[in-house]
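Below are two complexes that have chain A in common, paired first with chain B and then with chain C.
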Partner chain A sequence: MKLPTVNDNPFMKPMEWLSLLVLAALILVVLPLALDGFRLNLVGKYLTYAFVALGLVICWGYCGILSLGQGVFFGLGGYCMAMYLKLEASSVENTKIQSTPGIPDFMDWNQVTALPWFWKPFHSLPLTLIAVVAVPTLFAFVVGAAMFKRRVGGTYFAIITQAVAAILTILIIGQQGYTGGINGITDLRTLHGWDIRTDSAKSILYFVNGGLLIACILIAQYVKRSKLGRILVAMRDKEDRVRFSGYSVASFKIFAFCLAAAFAAVGGAMFTLQVGFMSPSFVGIVPSIEMVIYTAVGGRLSLFGAVYGTLLVNWAKTSFSESFPELWLFGLGALFIAVVLAFPNGLAGIWRQHVEPRLPGRAKPPAAPTVLPHGAPAE
Partner chain B sequence: MFGDYSLGDLGSIFVMQGFAGLILFSVYVLMALGLAIIFGQMGVINMAHGEFMILGAYVTYLCSGFFQAHLPGLFPAYFFVAMGLAFLASGALGMLVEWALIRHLYKRPLDTLLATWGLSLILQQAYRSIFGAREVGVELPAWMMGSVQATDTIEIPINGLFVMGVTVLITLAVALLLFASRWGKQVRAVMQNRVMAGAVGIDTDRVDRTTFGIGCGIAGIAGAAFTMIGSTGPTSGQLYIVDTFLIVVFGGAASLLGTIASAFSISQTQSTLEFFLSGSTAKVLTLLGVVAILMLRPQGLFTLKVRR
Partner chain C sequence: MNAALLPGATPNDKDFLLAVEALTVSFDGFKAVNDVSFYVDPDEIRVIIGPNGAGKTTVLDLICGRTKATSGSIKYRGQELTRLSESAIVQAGVGRKFQTPSIYDDLTVFENLEISFPRGRTVFGALTFTRDAEVRDRIHQIAEMIFLKDHLDARAEYLSHGQKQWLEIGMLLIQDPELLMLDEPVAGMSVAERKKTAELLHQIIKGRSVLVIEHDMKFVEDIAHRVTVLHQGRVLSEGSMERVKNDPKVVEVYLGH
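For the complex of A and B:
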């Protein structure tokens, strides 16, 4: 008898291909047709958060590492992009009224007279594009290596990533002359000579964003389906057994964390391009935890769920805070509690349990839905 | 950074900043004590701890208003009443939350984090709806104002000394409760082995509820102390929660002594650095130091030997 192996596992099941098709159609066809330019730009902004949620599905749902500092990587990616755009917007001609022309305006206001060294590489677009992914991933590697090699995990890791988010926010706000302070980097105009503020540029950026998101889903799906994904799940459920089987648990955890960081960074860069600024309010503890709730609402084990969860929570946030600003926090708080208590597998869990069995062509009920892990490995 | 000051000046600066740090230390210790009980003993990550503290601060604010309006003669003593009420209010809310929310999540520590974060959002908005978004301050009785002149260059604020005294008393009380009382024995038994504790006849549910309630109640007292060093707003608690968690983790989650030692070192470092550098740089350096030490010694400063 031949036992099923990973190789027998198709890349995606038919149902998943269908889900991908539906999602792609929604993002690339339905929404652009149905929404006006302003709303579409808003959806584009939400979709940049979906990159973070995707990373969290791999890192938290499949590997069991809850990071409360994803805003750090989102922010680093966004800041890298913003630094390039800002340098382009502060050419010598544009800034000749400043006492030092050719440096960003906020530096001039803060009596900085020369461009700091870490801004210099961002004159070049290729270097910037590399930095957008490389800087946050390297940072994640350093943090992850320091933690996981010493077997810090679970709640401790969550608290320390939170502290990292707090540190970076305070640092950005405090070093106003180098980072733009609490206002962030604003007044961004062109990308390599291409004006990103026009309506046509915005819709092109929206499609680029959607395409990148689908590419990221495919990468995440590849990781999830591969042997690597199996090891991640095994580590989440019984870390010691994986370790005793001879796998380097720390390396796999570092990989999952770095992958999540890289996704978040791409999201951050796309955020900067579409929204036109970057500020520390997307770096700190509060946004980082909000990004976790997107994943939790969508279903921490479902890549597609994460995207829908992000769209739903943000849509609710926008419409609630437009009409009942004081109710929004109550709603968000209740959502956290309800998702954790009643729907630990989020929207995807509801779909799998209640909708999928009733679909035509499915005579027998599918196998029991994936049971939610107990969050952290037992300590 | 020390170059501009003479040696005598430096001595005074260190003593003065040391005492300024002591008030911060008191608030940190009181916050962290409650959290150490909840996180260290029960494994629950209570992100709403800051909001329990702020509840204590608002109770103090209401108390000061009530005494001023109706019992002006007793105003000098109101702070003691306020501390008691703050303990009761936060403790009662804590027990309610444990019953409604936390007890369903004991096996999923990371999920308690998300659920209590949601709770903290709800509480913040509730404070905003009830007390308004503006920060409120508390009027201190006359005897707490002013300071003791120790030497020509060193003066020590009286309210700081008072808060210190309260902190020492509460810390002693918690230590006594945990290590000498029947309840403390039960708590430690439940922490070490929940199933066995249940088997020998300890009502683990009740122990959990009281533990959570007392932890939150101490946060309420921290809130009363907090009114002396800052004004109270709906989101004031959130500023302290990360620091407090770091203190608990840094000290070694289950160790009372570790919590005190780490609160002391963190608050003193921050307060001393604040004088020489800007506030934000001081905070960044302190937090970076803590995170760096935690990377080298993930179990914290002090650890209990518990079989896992």
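For the complex of A and C:
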């Protein structure tokens, strides 16, 4: 009997290994050599959004769940990290001019006289590192379980995630004494005694960030090529049918949503470390939608595309908004519409359709790219 | 994969593989299935016939959990199915083929069959699932049976209508259910495909209980051990094909036309 090639299910195809190598070389070698410290730090900041985009590839591209509230998880991860850094910066010695020394400055300004209970675990670095991933993932689990067990999906789910993003932003802004309010948590200095504001610390953090991003790509790749990845694709197409193959659809959706949240949280924590503050402006609806656009531009079915999409959109944002700040949002909106209408598979789709077939050593064109059955993002 | 009998099951329930009792479902007051009772023995081939709108597909929907019953009970090996989720019913050993081919278009034939393989059905199980020799051999074996062994690499989307039907039968087969429910398995097929499908069905119904909805009377006569006739949501008649065919009530509402 003829054994079809589909039986070997390698972790990554040669082309994917090459893509990973190129991306790793770009992030870890080319950009650090080509850019000055300031620009490199900027790229580092962009790359923290790539974690969110990566999660959205699994959650939205593969599983078909459009979340317009990924900023929530990015923000929660970032806030967890910021709380630790803030506590370290608020030693009794540093804050002796306050009426209550030893608590963060914004608490003192808001007449809070003791550290709230939920700040206390963030004195410990190990607990903080656990919380960075665990808090957003648990929150995603609760939201996901509440929605998916009741079979809320599609547009309704997207709207609810937006509402969650709005609620969390309002909560953070409103509870100024506990969260730092609209200014966020600022004036962060050291991580376990190590000054993160110096140039050398910034470049080390850039490489840690790059390494974590590649680790997350590998995790996502593992999920994508496992049977779970194929179940996600099957669910996107025929959710009902998957139930009759004996799978609990809700559990798989919750998993995809939690994984996306965990990735976003790592990105958020790295953002705090590299940029030196965290504020509600990274939690709300607008940043959440921007993050979806990164994924759409890169290609919602491509892990590598998501990273390039993030870099490209952010580069465009920076150069554009330097010259025409008032036009940027319109440009971003137009970009999103154009991508969804003309290139539903984003940069990765363009690459697969037009560039890859022309590469030398490729006698026959690759298989038709996977075009999503539904063009509308909310499907 | 067969569920053990629940401790509370009465001996009476054990005699039947499937016991449907006083099953009723009402959609906004309209009773699509009204007080339906029937019993399926192990290894029995039962065909449900009846005019359009008689509630045949709804009965299958109720058994596999797609529709929730308003009242009544469905006991499978003494286990109450009306309270289980769809996936739990499948895991208990009930498989269902839908009327229109229901396969995963974006996946290959191989992957379609692999997803139906009854292992690694939890999130963790699916993450750690490996394509070992057992899985591959089984998939090749089934692919051969459903006439698709040369199409394992093809995306299911590109199969013909008949091939899609076979693939779905194959997906059920690899699931190895003890109770197999088929909703019009030969509908919309060419004559040649129909003949091949009938052969295939003859092969796969051995050693399991089967509940079939079918309009093709020749096919029904060929396979049915017993026939249940539904009409307007109620059981009109039940028994051997011979008996049902000669039942004046059945002739009037269904066969007479």
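FYI, the second predicted complex is superposed on the first by the 366 of 379 C-alpha atoms of A that agree within 3 Å, B and C clash if a C-alpha of one lies under 4 Å from a C-alpha of the other, contacts with A are read in each partner's own complex, and residues count from 1 in each chain.
We adopt the following convention: a contact is a pair of C-beta atoms (placed from the backbone, for glycine too) under 8 Å apart; a residue touches a chain by one contact, two chains touch by 3 or more.
In this text, all values refer to a predicted model and were calculated from it rather than measured experimentally.
When both complexes are overlaid on chain A, the residue A:Lys317 reaches neither chain B nor chain C.
In the superposed pair of complexes, A:Thr155 makes contact with chain B only, with no contact to chain C. Contact with neither chain B nor chain C is seen for A:Arg189 once the two complexes are overlaid on the shared chain. Set side by side, chain B and chain C differ in how many residues of chain A they touch, and the one touching more is B.
Once the two complexes are laid over each other on the shared chain, residue contacts for A:Leu335 go to chain B alone; chain C is not touched.
Shared-chain residue A:Ile285: touches chain B; no touch with chain C. Overlap of the chain B and chain C interfaces on chain A: none, as no residue is touched by both.
Against chain A, in their complex, chain C makes its touches with residues 64, 66, 85-87, 90-91, 95-96, 98, 102-108, 110-111, 114-116, 118, 120-123, 126-129, 131, 136, 140, 144, 149-150, 152-153, 171, 175. Residues 1-2, 4-7, 9, 222-223, 226-228, 230-231, 233-234, 236-238, 240-249, 251-252, 255, 370, 373 of chain A are the ones touching chain C in the complex.
Chain A meets chain B in the complex at residues 66, 68, 146-147, 150-152, 154-156, 158-160, 162-164, 166-167, 170-171, 173-174, 285-286, 289, 292-293, 296, 326, 329-330, 332-337, 339-341, 344, 374-376, 379. Put simply, chain B touches chain A in their complex at residues 39, 43, 45, 101, 104-105, 107-111, 113-115, 117-122, 124-126, 128-129, 238, 242, 245-246, 249, 278, 280-281, 283-284, 287-288, 290-291, 294-296, 298, 308.
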